[in-house]
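Note that chain A is present in both complexes that follow, paired respectively with chain B and with chain C.
On to the complex of A and B.
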C-alpha cells in the first residue's frame, strides 16, 4: 500500500467515528458564528461612532469582524482537534499502535490526520461563509477563497500542534498552549481590533504570528481587499508553517511511537 | 427527652459535621493538582487577556460607555467588572463540568469516596468548595488587576470579591447538577455551546444589552444567572446600586440553593443504584 493510500485509510477511520456526529458538529458550526456576530458585531458595533469606523477601513464593524472570526475559528478548532483527540490516539486509546501493526506507517498517519483536519476545517469554513453571506458581509465571489485560506490556517496549526502533542506525556501542557498561545492569538491578531491600535513593539510581534496572516487573507478575500503584493507573503508564511510543522510532526511522532 | 438530644447530635450539628468532613475531598483535589498547577494557574490569564484585548484594544476606539443612570465610564472600566463575573463562572463551570464528569464516569473516584464515611452530601459540598476556591483565585486576580489599573470606581468595589464568590457558588452548583445528565464527552457541546458561551456573549459583558438587543431578547437574558452576576458586580464596581442589584442577589441565592438540591439528588441517583 502506498503512503497516500494508507493515509486515506487513516482519514476513513476518522470519518467512520465522525459520521454519527457530523450533523451536530455542523449545527454548532453554524450557531457559533451567528451568536458571535450578533453579540460582538452588532452589540459592540452599536458602541462605535461613525468617525471611529475609519479604524476599520470604513466598513461596518460587523463586516470587519466576521472574516477575522472565521480565521480564529479555523485556528481554534484545528488546535483543539490536534491536542486531546491526538493524545487519545497516541496513548489513551492507542489507535496508532494498532494502525502501525498494519501496512500504515507514521507518514501516512500524519498525512491522514492533516487531511482529516483539512476536511473538518474546510466544511466548517463553508458553513461559516454561508453565515457571513446571510449577514450580508460577503462582497465578492472571490470570497469562496476564504474556505481554502481557512483550511490552510487549520492544517498549519494542526501540523505544529500534532508535533507538539507527540512530545507530551500527559495533557497538562495543553492548558498552557490554549491559555498562553491560542487565546492571545485569538485576541491580538487583528481579529477584534486593528493592530494599529497596539503599541509599536507589540505590533511587530503580532505581525510575526501566524493567525494575523490568516486573518489578512480571509478578510481580504471576503471584503474584496486582497493586496497582490502582501497576499502572496501571507500565503507563503502559512505554507512554510504547514511544511515545517508537518516535517516535525513526522519526526516527533516517529520518536514517540518507537519509545 | 433531654437525654435523647444529648445522645444524638441535632440537625445543625450533623450538617456542620458533613460540611467539615467534605474538606477531605478538597484535600484530595489539592493533592491531585499539586503536579498540574499550571492548569489552574493559567486560567488566571484568560480574563486578563480579554481585558487587554477587548477592554483596551477596542477601548481605544470605543472610548466611553453610558451607564443606565447616565454616568459615562471608560470602556475598560465597563468590561472589567463583567470579566470578574465571567472568570468566576468559568472557574466554577470548568471544574464542575469537565473534571467532575471525568471523576464520575471514567475514574470512578466517587465510588471510592463512598466506601469511606463520606456520603453524597460531602461529595457535592466538597466539589463545590473546591470549584469555589478555583473561581475565587480567578476573581481575586482580576480584582487586583482592576485595582492596579484604576478600574474600580467606587469604595463599594471591595464587595466585588464576595459577590464573585456567590456567582461562582451558583455556577458550581449548576455545573454539578448539569454534569450528571451528560453521557459522553461529545455531550460537552451542549452545556458549553448552548448555555455557557451564549451567556458569556449576551449577558452584557461587552455591551449594554438594554440599548442594543430587542426587548424580548433582553427579557430572556434577564432570566439567566450570568446577567445578574454581571449586573451585581458592575454595580459594586461603579457604585451604582439599585433595586436591580438586590433582585440579582436574591436570584443568585435562590438559583444556588435550587441547583445544589438538584445536584445532590442527581448524584445520589447516579452513584447509589
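On to the complex of A and C.
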C-alpha cells in the first residue's frame, strides 16, 4: 500500500464518522453566513454613507464583506478541526496509536488529515458561495475559484496547527491560539474593514499575516477584481505556508508518536 | 537453519534508552519460537512494554539486534506491521465507530479488500462472542468486551505473531477467564503469542515459555515449571502468627526450611514437603495462628529473584 493509498484510508475513517452528520454540518454551514451577512452586511452596511463606501472599492459593504467572511470561515473551521479533534486522536482516543500498529505511517496520517480538512473546507466553501450568490454578491463565473482558494487557506492553517497540536501535552494552548492568533487575524486581515484604515506599521503586520492573503484571493475572485500581479504572490504565500506546515506536522507528530 | 531463522523474534543485546536518559530495556536476549506463547513477566516499570513497543515497531531500537518475522524493524517496519497483531495495554478502539466498523475500518488500514474484510469481521465477532453487539457503539461495552474486541481487531490481518500487552489488567475474574479461554483457542490454532503480564496465574496458564524481567533486565528464563523447579522448592508452608509471637520469634524457625521469606503479614517456608515442615514447627511448640501448605508458584520465583512481590 502506497503512502497515498494509506492516507486515503485515514480520510475514509473520518468520512465514516462524518457521513452520519454531514447534513447537519452543511446546514450549519449555510445558516451561519446567512446570519452574518444579514446582521453585518445589511445592518451595518445601511449605516455607511456613499462617501465612506469608497474605501470598499465602490461596492456595497455586504458585497465587500461576504468574501472576507468566507476566508475567515475557512481559517476558523480548519483551526478548530486541527486542534481538539487531532489532540483526541493523538492522546485521548489514541486513534493514531491504533493506526500506527498497521501499515499506515505518520506521513499518511498527516496527508489523510489534511485531505480531510480540504474536503471539509471545500464543501463548506461551496455552500458559502451559494449563499453569496443568493445575496447577489457573486460578479463572475470566476467566483468558483473561491472554493479552491478557501480550501488552500484551510489546509495551510490546518498543517501549521497539526504541527502545533502534536507538541501539546494538554488543551491549554488551544485557547491561547484562538485568543491571541485566530481572533486577531479574524479582525485585522481586511475581513471587516480595509487595511488602509490601519496606521502604517500595523498595515505592514497585516500584510505579513496569512489570512490577509486568503481574503484578497477570495474577494478578488468573487468580485472579479483579481490582480494578475499580486494574486500569484498571495497564492505563493499560502502554498509555502502549507508546505512548511505539513513538513513540520510530520516531524512533530513523528516525535510525539514514536518515543 | 540458524537460530535467527527458527525464531519469530530474535533479540540480542536489545536496549531502549529514552531521550531523558532513562534506560527502560538494558541489553536483553531472547528468542520467540513459532507456535508458542511467550510471556514477559515483571512488575510495572520492568521494561516489558518498552520491549513490546520495539517488537511492534512503534518505538525505535536504541542498541542491539532485533529481528521480527525475519525482518529488521529499522528498515522494514511497514512489512512487519502488516504481519503483526497488536493488543495495547490501554484500549485504543475507535469510539466514534460501531463495533463492526472498528474491525472493518481496521482491515482497510491493512489494505484488506472489502469482501474479505466483511467475511473476517463476521468470523472474528463470533470468535470473541460479540456478534450480537456488532451494530452497537464501543463506549457502552464492558471492559472485558472492549478487550475482546481489541483482540478481534488484532486478528483482522491474520497475523503471524500477536502481541498482547497486559491483556487482562483491570478485568474482573469472569472476564479474565473468558479472555484466557479465547487466547487458549488461538494458541491451539497455532498462533504465536507474546504476552506481558504482572499476574503469575496468567503467565502460568497461558505461557509455554517465560522470561522474568526486573529493572530493565531479564533475570530468569524457562517454562513456568522449569522456573519453579530452578528457583523455588516444590512446596511452600505459609505461617501466620499473632503480633506478640511474631515479635519474639528470634530465629525459632531457623533450619526448618531451605529458605524462609518474611513478608509483612506472613512467613513463607520453602520446603520439599510442607506437611512435614509444619509437623516440625508444631514439635518446636511455636504457636501458629494459621498455616497453609501449597505448591510453589511463579510468585515465589519472582520473590526469590527480585526480593519483592510482583503485584505491590
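The rule is simple: the second predicted complex is superposed on the first by the 259 of 259 C-alpha atoms of A that agree within 3 Å, B and C clash if a C-alpha of one lies under 4 Å from a C-alpha of the other, contacts with A are read in each partner's own complex, and residues count from 1 in each chain.
In this section, contacts are C-beta pairs under 8 Å (C-beta built on N, C-alpha and C of every residue); 3 or more make two chains touch, one makes a residue touch a chain.
Every value quoted in this text rests on a predicted model; they were computed, and no experiment measured them.
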Chain B and chain C placed together on chain A: clash or fit? fit
- May I ask you to decide whether A:235 touches chain B, chain C, both, or neither, giving the answer as first, second, both or neither? neither
Name the contact category of A:181: first (chain B only), second (chain C only), both, or neither. neither
* To do: Figure out whether A:193 sits in contact with chain B (first) or chain C (second), or with both, or with neither.
  => first
### Message
Quick check for you: in the superposed arrangement, does A:52 touch first (chain B), second (chain C), both or neither?
### Response
first
Open item on the list: One more residue to check, A:94. First (chain B), second (chain C), both or neither?
Closed with: second
Between chain B (first) and chain C (second), which, if any, makes contact with A:44: first, second, both or neither? first
Ask   = For A:35, is the partner it touches chain B (first), chain C (second), both, or none of the two (neither)?
value = first
_Taking the superposition on A as described, I'd like to know which of chain B and chain C A:26 touches: first, second, both or neither._
neither
Counting residues of chain A touched by each of chain B and chain C, the higher count belongs to B
Quick check on the superposed pair: does A:104 touch chain B, chain C, both, or neither? Answer first, second, both or neither.
second
Overlaying both structures gives a minimum C-alpha distance between chain B and chain C, in Å, of 11
In chain A, both chain B and chain C touch residues none
Given the complex, residues on chain A that touch chain C span 1, 5-6, 9, 12-13, 16-17, 93-95, 97-105, 257-259
Contacts from chain C onto chain A in the complex sit at residues 18-19, 53, 56, 58-60, 77-79, 81-82, 84, 86, 88, 90-97, 101, 105-106, 108-111, 153, 157
Per the touch rule above, chain A residues touching chain B in the complex are 21, 24, 28, 31-32, 35-36, 38-40, 42-44, 46-48, 52, 55, 170, 172-173, 175-176, 178-180, 183-184, 187-188, 192-193, 197-198
So, in the complex, the side of chain B touching chain A is made of residues 35-36, 38-39, 42-43, 45-46, 49-50, 52-54, 57-58, 60-63, 65, 75, 186, 189, 193-194, 197-198, 201-202, 206-207, 209, 211-213
